[in-house]
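Naming follows writing order (A, B, C and D), and every chain is counted from residue 1.
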Amino acid sequence: MEIESISSAEIEHRESDGIEVLRIASQHPIPDPDDWLDENIKRNVIFTTVDAALNWARKTSLWPVTAFTACCTFEFIGASSSRFDIARFGMEVLRASPRQADLLVCAGTLTWKMAPQIKRLYDQMAEPKWTIAMGACAISGGIFHDSYSVVPGYNHIVPIDVYIPGCPPRPETLLAGIEKLRRKIEKESISKPR
Amino acid sequence: MNWSLSPNWPGNFWLRLLIIAVVIIAYVMASVIMFIWMERRVIARFQSRLGPNRAGPFGLLQAFADTIKILTKEDIIPTLADKLLFWIAPAIAFVPTLMIMAVIPLMNGLQLADLNVGVLYIAAISAVSAIGVFLSGMAGNNKYSLVGAIREIAQLISFEIPMVLALSGLVIACGSMSLSSIIDAQNIPFILVQPLGFAIFMVAILAEINRTPFDLVEADSELTCGFNTEYSGMKFALLYLTEYSEAVVGSALITTFFLGGWRGPWLPGILWFIIKMFASFMFILWLRGTLPRLRIDQSMKLAWKGLLPLALINLFIIGLKTVFFPDLSRWISVPAYIVISVIIIMLWAIFMRKERQSFGA
Amino acid sequence: MTTAVDYNDLVALLQKQFGKGFTPATDYVEMPAALIAQVAEYMKNTLRFDFFDMVTAVDYSDHFEIVYRLQSIQNNSLASFKIKCSKNTSVPSLANLWLGANFQEREIYDLFGIEFTGHPNLKRIVLWDGFEGHPLCKDFKGKVYDTAN
Amino acid sequence: MTLPTEQFILNIGPLHPSTHGVFRMRVTLDGEIIQDVEPVFGYLHRGLEKLCEKHTYKQNIPLTDRLDYVSAINNNWPYVMAVEQLAGIQVPQRAEYLRVIMGELQRIASHLLAVGSLMNDMGIFYTAFMYMFREREKIIDLLEMVTGQRLLYNYMRFGGVSMDIPTEFLPALASFLKVMPGFLDEYDSMLADNEILLSRTKGIGVLSAEAAINASTSGPMLRGSGVKWDIRKTAPYSVYDKFEFEVPIGSSGDCYDRYRVRMEEMRQSLRIIQQAVVLLPAGNEKQPVPLRLRPAKGETYAQIEAPRGILGCYLVSDGTEKPYRCHFRAPAFINLTVLRNLLIGQKLADAIIIFGSIDLSMGEVDR
């Protein structure tokens, strides 16, 4: 297979087409994957113990992938440093590769030029995956929402499980958000498709 | 009171083979789980933070949670990946580490096969697991893992020779290559008898199992995740297991060759083996928490210009001792050799620093 | 103390060198756009202004204004220039004189649309190629995310 | 017979553990030697300068915090000084000293993070980073005591600072000043003569003095190359002329010198804070200023010595309550022009170290 050599101008052109296509496609937010939460889950008996074991395992070893763009990065790093130690929940293994991670922490402002990268990162992650939108910029574009190059909220690109308000949210708020996500994982069941 | 296992214990040869094989595999798996937990807690302690403590008492169940989660994750094979290599590579990487454990005596008689070519066998098999890591890097069709794979081969070749030379120093000292006889010859642990050999072997083992300061293969600040970037699910579990089982085998080799294996007063042999193995792993963790990473050309320069001459000097001195004054009393030869090796290491360090300064200016 | 150079004798010096067209103001020198390359060359080599501090542009409704700030580290002095250029003319680039001007001029081209002739690789620096229009111009109405819903 | 080799393009992409934010380098590699580097910006371009033209003068202050979010207080300073110069507002002495104390505390916190992440790139598995973050948390406690925020403080106003310091701030600051030099010596003993660190940073990424000046780099990068150029000394703003401190400079301009310059600058900042606490006068902390401030028509430029270099704010006002044009001279953005010359010919592992020693934060690079 002959690898054709592409000039950098050609690469930039292809990338900007990708950005345009994604921009037109994502004008409306993706609905949150929470519909199965409220209707009472009719669990059949067989799965309860398996569910409990799997959910416990997935809950206690959530490995985040670093999708850090802006200021909230340093609050997440603050949360994983010595004082607010996120490693107590087994989350400090910062896998840089999306294949092994199962939690996408969207921290910081998302711009249209960055949107295709985040979309590809989310698609590369292995299946039982969750996303946290951390900070006002991630929820609705925050202080920059009316700027020409900012996506008003990550949920235009990736479905979001937990929203954490704040600009930037304090590490305690982040830990509370992670606790909410862990409680959500407990309710999952392998019998019901996500 | 010595706990020992008579050579023909259950009578039937095959039954004995089966039982000991099961014991060794259970031992490796248990120590891998303990190593995963220990690494995360000890590194957290180095960094003045707590480490996992929510999963079970003191976070003991953290390793189980990790393995169950990784095993039940989706198993992705990238479209452009070389399917066969991608599927077989983790197995090639993991199986040799188990094969090395077959030769290591956990207790007086608890050894799968007392090969009389034990040292040669270990040197050969340890190269095969590096091939598995290399294949997993090449198969994933990811540029970062490609660079990681090439670095793995470069490091393996340059550190294989010093390791074998350091071990041959042991073989000369105790006359035979079988591990049980090496342990029998260690009335004084070889770490005291051959300190230079221990230093070279330690550095070479660190490079073999890709631990800091030689963790260039999975350099998470340069190559995202090195060779296992494209792996997920079951295959990543095997590679994650390989990384830790290599650490188990590395510390087991250090204990059998230089710390006297299962020999020790009062406690039964297996307990001494476990204590020494965890002690040497603690030393490896200590390095991981504090030392920065060497560049690939610096680590190869260290191997060829540093360890190789030192290993030859070590071999020469041991040969001199065994030929000319074989019956020199221990109270003279041990301190003498310690002083000599300290001087040699200081001279070499000054030479390497001067060369760096002239290069770096 | 970085003292701004005395703009009157600077203008006298430049007028002797390059002729008319220089009008001193309180803290900058007004000059025609075409001369900026030679003046910059002169400032850098003879007057030792070797630190290219900053260049930025301002969009007044009928014309652009580009403000340059040069500093000299040896004799700790500061000089700033201002040139006017109409909407679609191009301005000589200083990227070959000072490496520091390279990215700043690309950013002005990206956000204002002012061409810099002689620039090594003049293309958009912060926005993607497919972005139509130059955001920092006053007449930029485009909003990438139109709140249709 | 030479083996036919082929170069491959590696994207040290926007999401890479050691690019300190969303910065992308399209690197052409021949084996591990870098042949060509093409930096790609814009992944965090939030259009801040266009937003500044939509908000009133006071609404822009929280916007400037998000410029260089690692040292947020220093970003307000040039913008606030520019507006004060335009509107002719006189700042009381107590406010100037408070600004200096908070600015220097923020400089230490920013340098701690810069050196910590450089050690992280070098492979010390987060240990040095965690120790330096422990000190940064102490500084964040002090700043939170005054401003109520942890990372983006929104602290400075036109004509002074938003809040005066609470009574328990000075004793806490005194205990911090007593403890901090000990920690800095602890880091030096752990890192300064570590043989592997020396071999990884000495002689790597050498930037000569003329090349640094020509590429208009500023801050620790310029001083690392031996040029004694610090705005606090050469063009003292606020009350910096009342303090005596030295400007540390490196000798050969390699990564090790930049690391040493940052460690020394932290010690000098501690000296400045000690003198500022002694000279802190009484008085009100803010000059009353009308909410809908309409500064006089005209333009001005104010610059300060931010931890990453000369941070300037060029402000044009047309008499209305919204700035007509507000441009920020971002030091990290301009420091990156020299990245390409530094990286070509180096190995991939060195490129990460050189890039780490340039120390940038993407909010300020892309604006």
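Note that a residue touches a chain if its C-beta (ideal position, glycine included) is under 8 Å from a C-beta of that chain, and two chains touch if they have at least 3 such contacts.
Everything numeric in this text was worked out from a predicted model, so none of it was measured.
Trainee: Which chain is most central here if centres come from C-alpha coordinates alone?
Mentor: Measuring from the global C-alpha mean, the nearest chain centre belongs to D.
Trainee: Please work out which of B-D and A-C is bridged by more C-beta pairs in contact, and write that pair.
Mentor: B-D
Trainee: Let me have the rounded angstrom distance from the C-alpha centre of chain A over to the C-alpha centre of chain C, please.
Mentor: 42
Trainee: Cα centroid separation between chain C and chain D, in whole Å?
Mentor: The answer is 25 Å.
Trainee: Chain A to chain D: how many Å between their CA centres?
Mentor: Distance between chain centres: 29 Å.
Trainee: What residues in chain D touch two or more of the other chains?
Mentor: 16-17, 42, 45, 47, 50, 130, 134
Trainee: Got the chain C residues that touch at least 2 other chains?
Mentor: 127-128, 135, 140
Trainee: Mind pulling the chain A residues that touch 2 or more other chains?
Mentor: Chain A, residues with two or more chain partners: 81-82, 94, 96, 113, 146, 148-150.
Trainee: If each chain is a dot and touching chains are joined, what shape do you get: line, ring, star, complete or other?
Mentor: other
Trainee: Mind listing each pair of touching chains for me?
Mentor: Every pair of chains meeting the touch criterion: A-B, A-C, A-D, B-D, C-D.
Trainee: Of all residues in chain A, which touch chain B in the complex?
Mentor: 53-54, 56-58, 60-61, 81-82, 85, 87-90, 92-97, 99-100, 102, 124, 126-128
Trainee: Okay, in this complex, where on chain D does chain A touch?
Mentor: So the residues of chain D in touch with chain A come to 6, 13-17, 21-22, 26, 38, 42-48, 50-51, 54, 62-63, 66, 69-70, 113, 129-130, 133-134, 137, 140, 150-152, 362-363.
Trainee: What residues on chain B touch chain D, complex-wise?
Mentor: So the residues of chain B touching chain D come out as 43, 46-49, 143-144, 147, 150, 212-213, 215-216, 219-222, 224, 288-298, 353, 356-357, 359-361.
Trainee: Using the touch rule from the top, collect the residues of chain C that touch chain D in their complex.
Mentor: Contact set of chain C toward chain D: 1-2, 50-54, 56, 58-59, 67, 69, 73, 76, 80, 98-104, 107, 111, 124-128, 135-136, 140.
Trainee: Contact residues on chain A for chain C in the complex?
Mentor: Residue list for chain A touching chain C: 9, 12-13, 15-17, 19-20, 23, 27-28, 112-113, 146, 148-152.
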